[in-house]
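The two complexes that follow have chain A in common; it is paired with chain B in the first and with chain C in the second.
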Partner chain A sequence: MTAFLMSLRDTFQVGRFHLIRAVRTWTVVFLCAVYMLGAGGVAWSFRGLIGKLEQSAAELLRVPVTDTPGAMVEILRGREELQSIMSGLIPDDTLLDWALSLPVLTIPHFWMALVLLPFIAAVIGAEVISPGIRDRSLRYELVRTGRLELMLGRWAGQCVLIGLGTTLSVLPPLVIGEFFMVGQPFGESLSVLLGMTPPLIAWSLPFLGLGVACSQSTANTNFARLFALFGTVSTWIAFGVFQTDWMVRKAPWLVDILEPLLPQSYIESLWGPGLVWVLPSVILLGLGIGFALLGFPLFARRNL
Partner chain B sequence: MSASPHDPSQAALRVEGLRKRYGRRAPWALSDLTCHVPRGAICGLVGPNGAGKTTLYSVISGFLPPESGTVDILGLGPFNPWTHRGRLGVLPQDASLDPRLTCREFLRYMAALQGMSAAAAREAADRSLDEVNLADRASDRISSLSHGMGRRLAAASALLGQPELVLLDEPMAGLDPVQAASLREVLVRQRGRSTLVVSSHNLTELERICDWVIVLERGELVQQGTVADVTGRGVHVGWTVGPGLESVDEGSALAELRVALEKHTLRFEPSDDGGILHQVTPPGDDLDVSAVTIARILARRGVAIRSVQRGRSLEESFLDRS
Partner chain C sequence: MNQIVLAALSLLVGLVLGGLGPRSEVRHLQKQLEEQPDGPCVSTVGADLAALMGGRNRGQQAPQRSPLGDREPAELAEMNPEAAELVESMTDEQERMEEGIREELSSGIGEEEQELARTALELRRAQARAALVEDARPDETQMETIDTAVKDMNDSLLALADEMAEMLDRGEEPTRRDAMAFAADALDTMLVAEDEMRSALDADQIEQLDEGALDPFSYVGPEIIDVLGGMGEQ
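Up next, the complex of A and B:
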């Protein structure tokens, strides 16, 4: 077996075991519960908002108000109130038009995932290596495989966990749309939500990588989490700064170099019909591995 | 042992000029250390706290990079997971086991990382558990094991797949006498199958199982060799005797012994009720033959022999140097 295949095999073994351990330790259940609670909370809140908007629309149109929200969604789509809320979530006009054509509960789900996933991914990424440095349990693995394979394997295992959590998080909006609202087409909602899942997973990978990088740099998991959250917030701040006219004017070369390295640069290209998300997702996957590797030089030389 | 134990080129483990310290201003944890472990030996790594035993294990296993020097494991160069996995087993001193896994899950994962197929990993894990008498706890979580069982499980991971060289750092630390004896049996069973390097503060225990000893102090090699070399077992006999040997005058028992064994060094250490006669044999002389001569002379002179000890214990030898 060539060195590359052996390395790949080890990465797979480490990732597989990371998943088994997550299942055995209920980590996976906890993670999925967090995702589903978050998704359910947002969907339920948005259901309430739709209800209020429908109530005010019904009063204006002098038509009877329904107890279950969703009956007037088609009317709301054409009204300014909903459009202003949606444009707050989606600044791009073309994307907004596309989003308004989707089942209404899918938009806040996607938006919530875009905002929350980076932080969740960064925090769980921070727990990938550092506890093993602290209690030296990594030693059992490191007499059998390389440090790079160990790190990438655990990163990959964590990717699968995030994928699982993200996929399962489509259930709450589906259930709320089906049982607590009217006029929500189940099949269309399911297909849109599932279609959103791969780009959402891809979106979280760079932040997971950031967490894994921090996890390799310290034996203190709390510090690793803190660094990861700080790093995640920093990418948003940096992206915001790069968007300013001042920055574009003063240091365009810096913007040209650094902006493509920020996951936020690909956020808009993840939206849209069909498979437009594939290319930016591949870039985000590359960024995820790249970010995880940022901590590796330290981990590779570390006294364990 | 298949080759001469003194031939480093045939060694299972060879270390040359190894230096390591934790920080630029820190004292050397390993200072120009050169030593070797013969193939097939059970080697005791001995030294006081801070002697560098754990550092040496960690450098050999690749957990710590050395400042300088070379390590050659099984003639394949310094540690490399790809070349040494499955050939080198390590029981780290203070590494935790994941308490939420079962014993079998842990070992199967370790076996899989050693490159075994799923079926082979299952078989190797069960065999290893059986070897350390934990077969009945295979499906139990590690959190339910006692400290001693945990050490045995860690030892099982080190012995997984019958590696050629096994490093065991304080394998018996914190074990009660029964568990220590059980683990000692496990290690002794490896004789002839693997080369073992065992560190322990229990020198009596080490002396029982080891045939090669490396003594470290402050990161430096103090002595290495067979247990007989280190304890003087091949050259030294201590005779504890009753009264009658005190006089050194011509015609005394001691004078007769010195004439009979003129090539030997004889030193008498008197005490209130006799004393200890130290006999050091010159190279090439048969210790047993000279012992018979001494016993005869003492018996004829009516000097009681209370005990005879070949060499000194490892513990005594170690304490003499400390």
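Up next, the complex of A and C:
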């Protein structure tokens, strides 16, 4: 028990030092800027799309066109017409009602984050270990702790940084909704966006783990980034292939074994009212640790 | 940390192994479903159903020959009560649908069209108000005056529409003069509303505005659709 607690303490300390280093080297600022720019870009693009749709609708209804969008879309949010159109895309009535109750900018924020976050998390994860292998600075840290604690501590520290970036990424859609659109409910948007943050953080963890695994396998950070991106793309391709009838017919056992290990298998479960995201998030956390351990056998034997 | 690593790995192994059974069961059932033959059904329910329904359609001739033997509807109903019951419920359903269609046609504007019209008016009002706010940037007092003018206009229009509906309720046909008076009152109400909106803004603000942003027709509320829809049913 004491050994377990000591190991846990070491992991916590490594994670803490990883955070302090990120603050000292301004990495945290860069990271948060990347997250906020991504979220801002998505929200701004969607604002433009809403603007175009509203302009067309205004011309059709013979009312003045506005430069600032949002008035019409807020009216449509509660109408039956939109519900009947969307029911084709979301057959589940409860899910449909919930989705239509969300402020308009929160929906693209969530779904675009599901697409973008894996790549950002994988690239960030690739920089966790390999620079230390390259400049051999890891040796000094490993005098005081084990390799597993070092790797998991840095993974955990990076998780906190990703959590911070994901949380701060709610600001751009809020600012755009409040100052560059009309009729957007600030308080409701804030609570919905904050509610979406934990599942998004959980969604990043397996890809962060993939990046950390790549980072352990090479001293070249660029290679590690490349491997991590390749790995992330591969999971999407594999997920697509496993969805095909052909694959299910030809190698059902392979689909049965590998599909549950793909984070994408849980993507839809993260989207829903209440706490439906909790169970898939626990699985994604497990996948995150599991993926990070993929590179550990190599790292454990590496001559530092 | 070994324990945490073991816990995570156990979770993943459990996920894979625990899911193997249910997943293969689902696949097996799907396969069974796909393998169901497309050939003729050995049950006589379908044939009896067709024969019973054919017997009820007096305008059409019943099938001349059945591979299962020609039988009278009463005989079929006795032999296959499930099919008879099904036909009964289908006939009731069809009668209800026909009645619904007849009602829909006689009521003039359907519920769906009314809902669309409500949405269109709601969208027009929201967009016109947004354009007014964007171009004229009225302060709180000005906005309050404009909102009051719009509310008064909609109240007056509703009162006029109600008056017309009551007249129709009493079975009175509005004369040409009545119709002209209603139209004049409605236009007057709108002109008053526009004047009030204009008076709330200064000359510079009005100059900045798109003409449509002060058009009182853009501010007509969706509530009037309910009254007008009711008139269509008279």
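As a working rule, the second predicted complex is superposed on the first by the 277 of 304 C-alpha atoms of A that agree within 3 Å, B and C clash if a C-alpha of one lies under 4 Å from a C-alpha of the other, contacts with A are read in each partner's own complex, and residues count from 1 in each chain.
Note that in this section a residue touches a chain if its C-beta (ideal position, glycine included) is under 8 Å from a C-beta of that chain, and two chains touch if they have at least 3 such contacts.
Since this is a predicted model, take the numbers as computed values, not measurements.
Per the definitions stated earlier, placing chain B and chain C onto a shared chain A by superposition produces no clash, and the two fit side by side.
Of the two partner chains, chain C is the only one that A:A58 touches; chain B does not reach it.
Looking at the superposition, the partner that touches the larger set of chain A residues, chain B or chain C, turns out to be C.
By the document's definition of touching, of the two partners only chain B reaches A:T25; chain C does not. Once chain A of one complex is fitted onto chain A of the other, the partner contacts of A:T68 are limited to chain C, with no touch recorded for chain B. Of the two partner chains placed by the overlay, neither chain B nor chain C lies in contact with A:E127. Legend: residue contacts after superposition of the two complexes on their common chain; A:R301 is shown touching chain B, with no touch to chain C. Superposing the two structures on chain A brings chain B to within 13 Å of chain C, judged by their nearest Cα atoms. Touched by chain B in one complex and by chain C in the other are residues 10, 146 of chain A. By the touch rule above, chain C contacts chain A in their complex via residues 1-5, 8-9, 11-12, 15-16, 19-20, 23-24, 27, 115-116, 119-120, 122-124, 126-131, 133-135, 210, 212-213, 215, 218. For chain A in complex with chain C, the residues that touch the partner chain are 4, 7-8, 10-11, 54, 57-58, 61-68, 70-72, 74-76, 79-81, 146, 148-149, 152, 182-183, 248, 252, 256-257, 260-261, 282-283, 285-287, 289-290, 293.
Remark: chain A residues 3, 6, 9-10, 13-14, 17, 20-21, 24-25, 135-146, 301, 303-304 touch chain B in the complex. Put simply, chain B touches chain A in their complex at residues 22, 58, 61-65, 79, 81-82, 84-86, 88-90, 92, 94-98, 100-101, 105, 109-110, 112-115, 154, 157.
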